[in-house]
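In what follows, structures are represented as structure tokens.
Both of the next two complexes hold chain A, though its partner changes from chain B to chain C.
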Partner chain A sequence: MTALIEVRNLKTYFHTQDGIVKAVDGVSYNVNRGETIALVGESGCGKTVSALSILRLVAEPAGKIEAGEIIFDGIDLLKLSNEEMRKMRGAKISIIFQEPLTSLNPVLTIGRQISEGLEFHKNMSTKEGLQEAARLLKLVGIPHPERRIHDYPHQFSGGMRQRAMIAIAIACQPQLIIADEPTTVVDVTIQAQLLELIRNITKELNTALILITHNLGIVARYAHRVFVMYAGNIIEHGNALDVYHYPCHPYTAGLLTSVPRLDESRKNRLIPIEGQPPDLIALPIGCSFQARCAYAIPQCQREKPPLLEVAPNHYAACWVSQKEQRPWQKKSL
Partner chain B sequence: MTRYAIRRILWLLVVLLVVSFITFSLMHLVPGGPWDREKQLAPQVIEALNRKYGLDKPFFVQYGNFLLGLLHGDLGISYSYQDRGVTQILMQGLPITATLGITAFIIAILIGISLGMAAALKQNSWIDYLSVLFSTIFASIPGFVLAIILMVVFSVILHWLPTGGWGSVSQIIMPAFALAALPAAFIARITRASTLEVMHQDYVRTARSKGLLERVVLIRHILRNSLIPVVTIAGPEFANLVTGSVIVETIFSIPGIGRLFVQGIFARDYGLIMGSVLFYAFVIAIANLVVDILYGMIDPRIRYD
Partner chain C sequence: MAIVTNTTTGPERPHHTLWGDAWVRLRRNKLAMAGGIFIIILALAAIFAPLITPYDFAHQDYTAILQNPNAKHWLGTDGLGRDVFARLLYGARTSLAVGIFTQLIVICIGLPIGAIAGYSGGKVDNALMRFVDVMYGFPDLLLVILLKAVLGSGIYQLFLAIGLVAWVNISRLVRGQIMSLKSRDFVSAARAMGGMGRYITWRHLLPNALGPIIVSITFNIPRAIFTEAALSYIGIGVRPPTPSWGAMIHDGYDVIFASWYQVFFPAIAIALVMMAFTFLGDGLRDALDPKLRH
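So, the complex of A and B:
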């Protein structure tokens, strides 16, 4: 089966006054049709930028996609003209942003914001678009949708706004939806509801989903495969449950112990990952995680570890792991 | 919103009352009177004139009489124009001042918004620098200086436009631009700043992620939001423009209310002064009211109650 989208060796850099920030530095991943993958990592690791690069919505002129290929349905998105790319956005690939309040236009009604994409991509009239918007709002679980389409974002609650964002994203039945930390700004109960909603909808429409999150707990539950990012690179990927139960990179293990888990006793305190992510302008030679890694060996300082298969379908960029030693697994289990 | 408008209009009446009282008091406090001439009139003549026009009565009686007249839509008589009442004089000036003011306002808005938008969309390009330069220059030149510069260049040197008067299109151009320059500069600055801010908002990125035409993103998502602060200053700017007309009309000898006002002050023509001050107060108050209502129409988050 060929992948719906294949990102190959993507490099997205930001040109700032202080130097070149290598936000995404040679990242490859793929998503199959109808599959959900997760991009995981802490703030600033490049997960959002790598996803925005797919839509070519990285903030210009500072941000620029320097190299790589993004093959979507057989077409390299990076080679499309602006006009052709615009026709992909919303129609084939859409995105749910993190902050539903600031991501919705305050002066347009919700209905209008859902229908404008439909009018453009599906040649609907405003009236048809609004009818469809009401149907979509109903689908994402908003009561009285015919009335609600005339409301403005400030009249919606946080959870409802994110539902409206989901409605916008699924409006044209895209083949791929990118959900950029869709639940970080809502409380936990709403979080679960929204994730269930996204899962049900993507299943129903057979839409592929890239779920961007820093919460590995969410990943284990909702994603098929997971790609863990650190300092602009993918440092581990594999099936979600494998990565969750047998992390092959100490960073992933650190992420796991820093997130509360319901399946473990509460006696264990959360263990934060010590230190700060490296400066993306001046990355260290060798492994970018070495400074924070409790298991680093001399080789880590000399050479950057490649992403290799360390177990069946389970890849990790870690010298220690590739030597078949995973002391962190014993610790975390 | 209707209730809000009614409440505001009632307030407007209060404002006008206060303005009329202050103006009336100031007029009578200022030394000099309507009968001062280079050659002194005989005291008996002045006394007779005062009696004729009721200026011998106590201050509050005079003010009361003025208000009574106002209730009937009568602003009283002018001492300089014996043949017509103040109301008629102002009515003749009104269309002229209104034409000039509205033309200038439209010019200010068109130039200001397009310049500001262009500057923001092409930030740090020559358009941007030119726009910033333009708005800095025109925000710092007073209207009367600009009026005289325009007159020297386009009338005296180039002979393209007449130096003043009223009646033809060529006579509107210079005064309208002289009036529009300052508000245009301010509107350009505000538009640039707010557009720059709006351009980087998340919802603009959302709009792009829907694959909308860049034109649609610009007009529907950027412009509408970036105009909110512009509308807010449009009221005060309109007031500036109205008060600017006093100077510009005088310089370009335009027979509008602004010039009548200046004439009235020099002649101590109490009726004319009261009439034109109330006119200006009314226009400014209405402009602010219109802006407040418009504001709510562009930004649904504004509520009036």
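So, the complex of A and C:
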């Protein structure tokens, strides 16, 4: 099976007054048809920028995709003209943003905003678009959809807005949906409902999903594979459960011990990752995590570790891990 | 789930469009409605002036000069024995026409230029805004006088001259609004759905900027009326004997110590119109913001 989308060596830099911010610095990943992958990492690690790069929506002129290939269904998106790219957005690839309130236009009704993509890509009239919008709102679990399509975003609750965003994203039945921290702004019960909804819909429509999150708990439950990002690089990837249970990079292990887990004793204290992520303008020569790493060896300061297979289908960019020593794993077991 | 829906939806709402909802909200604003009704009554009175007053605005009655308000001449007569009430009514035609038609020109020029500059940014923005800056550098009245001299006399030339000068303000306003709005998330979202630049500008950005634009226009209408008054004073506005409120005020200055009514009534008329437009503009701004519902 060939991948639906393959991101190869993507580099997206931001040119600022202080220097070049290497937000995404040589990232490669792929998503198969109907598969859900997760991009995980803390704020500012480049996960959102790498996803926005797929849609070529990085804020210009500061942000620029410097190098790489994004092969979607056999086409390199970075080589398309602006007009060709516009036809991909929403039709083949769509995105669910983190903040549903600010991502919905306050002066347009929900129905109009859902039917927008249908009018762009499926040549529907406004009337047909609104009918389809009502059907989609019903699909994402909003009661009385015929009436609610005439409501404005502020008349929807937070969870309902995010459902409406999901309806917008799936309107044209895209092959790939990018969900950028879709549940960060809603409370935990709604979070679970929304994720179930996204999972059911992607399963039903056989849509591939890139789930961007910082919550590894979500990843283990909803994603097939996971890519952990740190300072603009992917530092570990593998099957979601493998990564969750046997992290092969100390950073991933740190992420896991810093969030509460139901399957652990309540006496165990949460262990935060000390220190700050490195400055993306001046990255250290060796491993970018070594300054915060409790297991660093001298080699980590000298050379940047490559992303190598450390277990079957499990890759990590860590010198220690590649030497078959993973002292952190004992802790999480 | 059904209970939740009922509490958030409330009773069935009959209006669904932005304008329909705005109208519902506007109707609840008493001051704005009063302003709007005043403007409508004034417009009707101006249109049907011959039915309201028996006097002709240009008829000079030398037996009745500078009369105080009385039963025959409700608001008195001016220095040439013309009925002030009749002149006020016919003057409303000039003033309202100046106010409205200049703003139409302003919208037709200022809105697209501001929107294009704001959305495109970069070189396009730079070129357009430097041009606006040059226009802005001239004193408004001087530029209007200059244009009027080039365009020639006549009331349409007057509209054009005022409109061609006044659009720079609104284009700056629109540009600023568009620039701040275009970095909002819903614009990224619309682009992520495949929206085109032009579509996003008209569909997403301008409706969000409508409030400030409408308020600015309602404030600009009395300004245009004042500009016309100033032009009439120096003799390049409307041609006598066509009345305009500005011309009436300036005519009245000459005889202010003999009869202060000559300045008072047209000044009150201008003040009332300005207030009416301001109330209406404020009301419209609130009405067009769906977040301020309830």
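The criterion applied here is as follows: the second predicted complex is superposed on the first by the 333 of 333 C-alpha atoms of A that agree within 3 Å, B and C clash if a C-alpha of one lies under 4 Å from a C-alpha of the other, contacts with A are read in each partner's own complex, and residues count from 1 in each chain.
By definition in this document, a residue touches a chain if its C-beta (ideal position, glycine included) is under 8 Å from a C-beta of that chain, and two chains touch if they have at least 3 such contacts.
A quick note: this is a predicted structure, and the numbers were derived from the prediction, not measured.
Novice: Report clash or fit for the pair chain B and chain C bound to chain A in the combined superposed model.
Specialist: Once chain A is superposed (C-alpha atoms), there is a clash between chain B and chain C.
Novice: Quick one: chain B or chain C, who's touching more of chain A?
Specialist: C
Novice: Check the residue A:Ser157 against both partner chains and state whether it touches chain B (first), chain C (second), both, or neither.
Specialist: Once the two structures are laid over each other on A, A:Ser157 reaches chain C alone.
Novice: Under the stated touch criterion, which partner chain does A:Arg302 make contact with: chain B (first), chain C (second), both, or neither?
Specialist: Neither partner.
Novice: Per the contact definition in the header, classify A:Leu55: touching chain B only (first), chain C only (second), both, or neither.
Specialist: Touch status of A:Leu55: both partners.
Novice: According to the stated criteria, A:His245 is in contact with first (chain B), second (chain C), both, or neither; which is it?
Specialist: neither
Novice: First (chain B), second (chain C), both or neither: which does A:Phe97 touch?
Specialist: both
Novice: Pick one for A:Pro143: touches chain B only (first), chain C only (second), both, or neither.
Specialist: The answer is second: A:Pro143 touches chain C but not chain B.
Novice: Which partner chains sit in contact with A:Glu116 here, chain B, chain C, both or neither? Use first/second/both/neither.
Specialist: A:Glu116 contacts both chain B and chain C.
Novice: Both chain B and chain C contact which residues of chain A?
Specialist: Looking at chain A, the two contact sets intersect at 55, 57, 59, 86-91, 94-95, 97, 99, 102-108, 116-117, 120-121, 152, 154, 165, 168.
Novice: If we count contacts the way the header does, which residues on chain C are in touch with chain A in the complex?
Specialist: Touching chain A: residues 1-2, 4-5, 8-9, 12-13, 16, 18, 122, 183-186, 188-196, 203-204, 207-208, 210, 288-291, 293 of chain C.
Novice: In the complex formed with chain C, which residues of chain A make contact?
Specialist: 55, 57, 59, 61, 86-91, 94-95, 97, 99, 102-109, 116-117, 120-121, 143-144, 147-148, 150-152, 154-157, 165, 168
Novice: If you look only at chain B, which of its residues touch chain A in the complex?
Specialist: 200-203, 205-214, 216, 220-221, 224-225, 228, 298-301
Novice: Please name which positions on chain A make contact with chain B in the complex.
Specialist: It comes out as residues 55, 57, 59, 86-91, 94-95, 97, 99, 102-108, 113, 116-117, 120-121, 152, 154, 165, 168.
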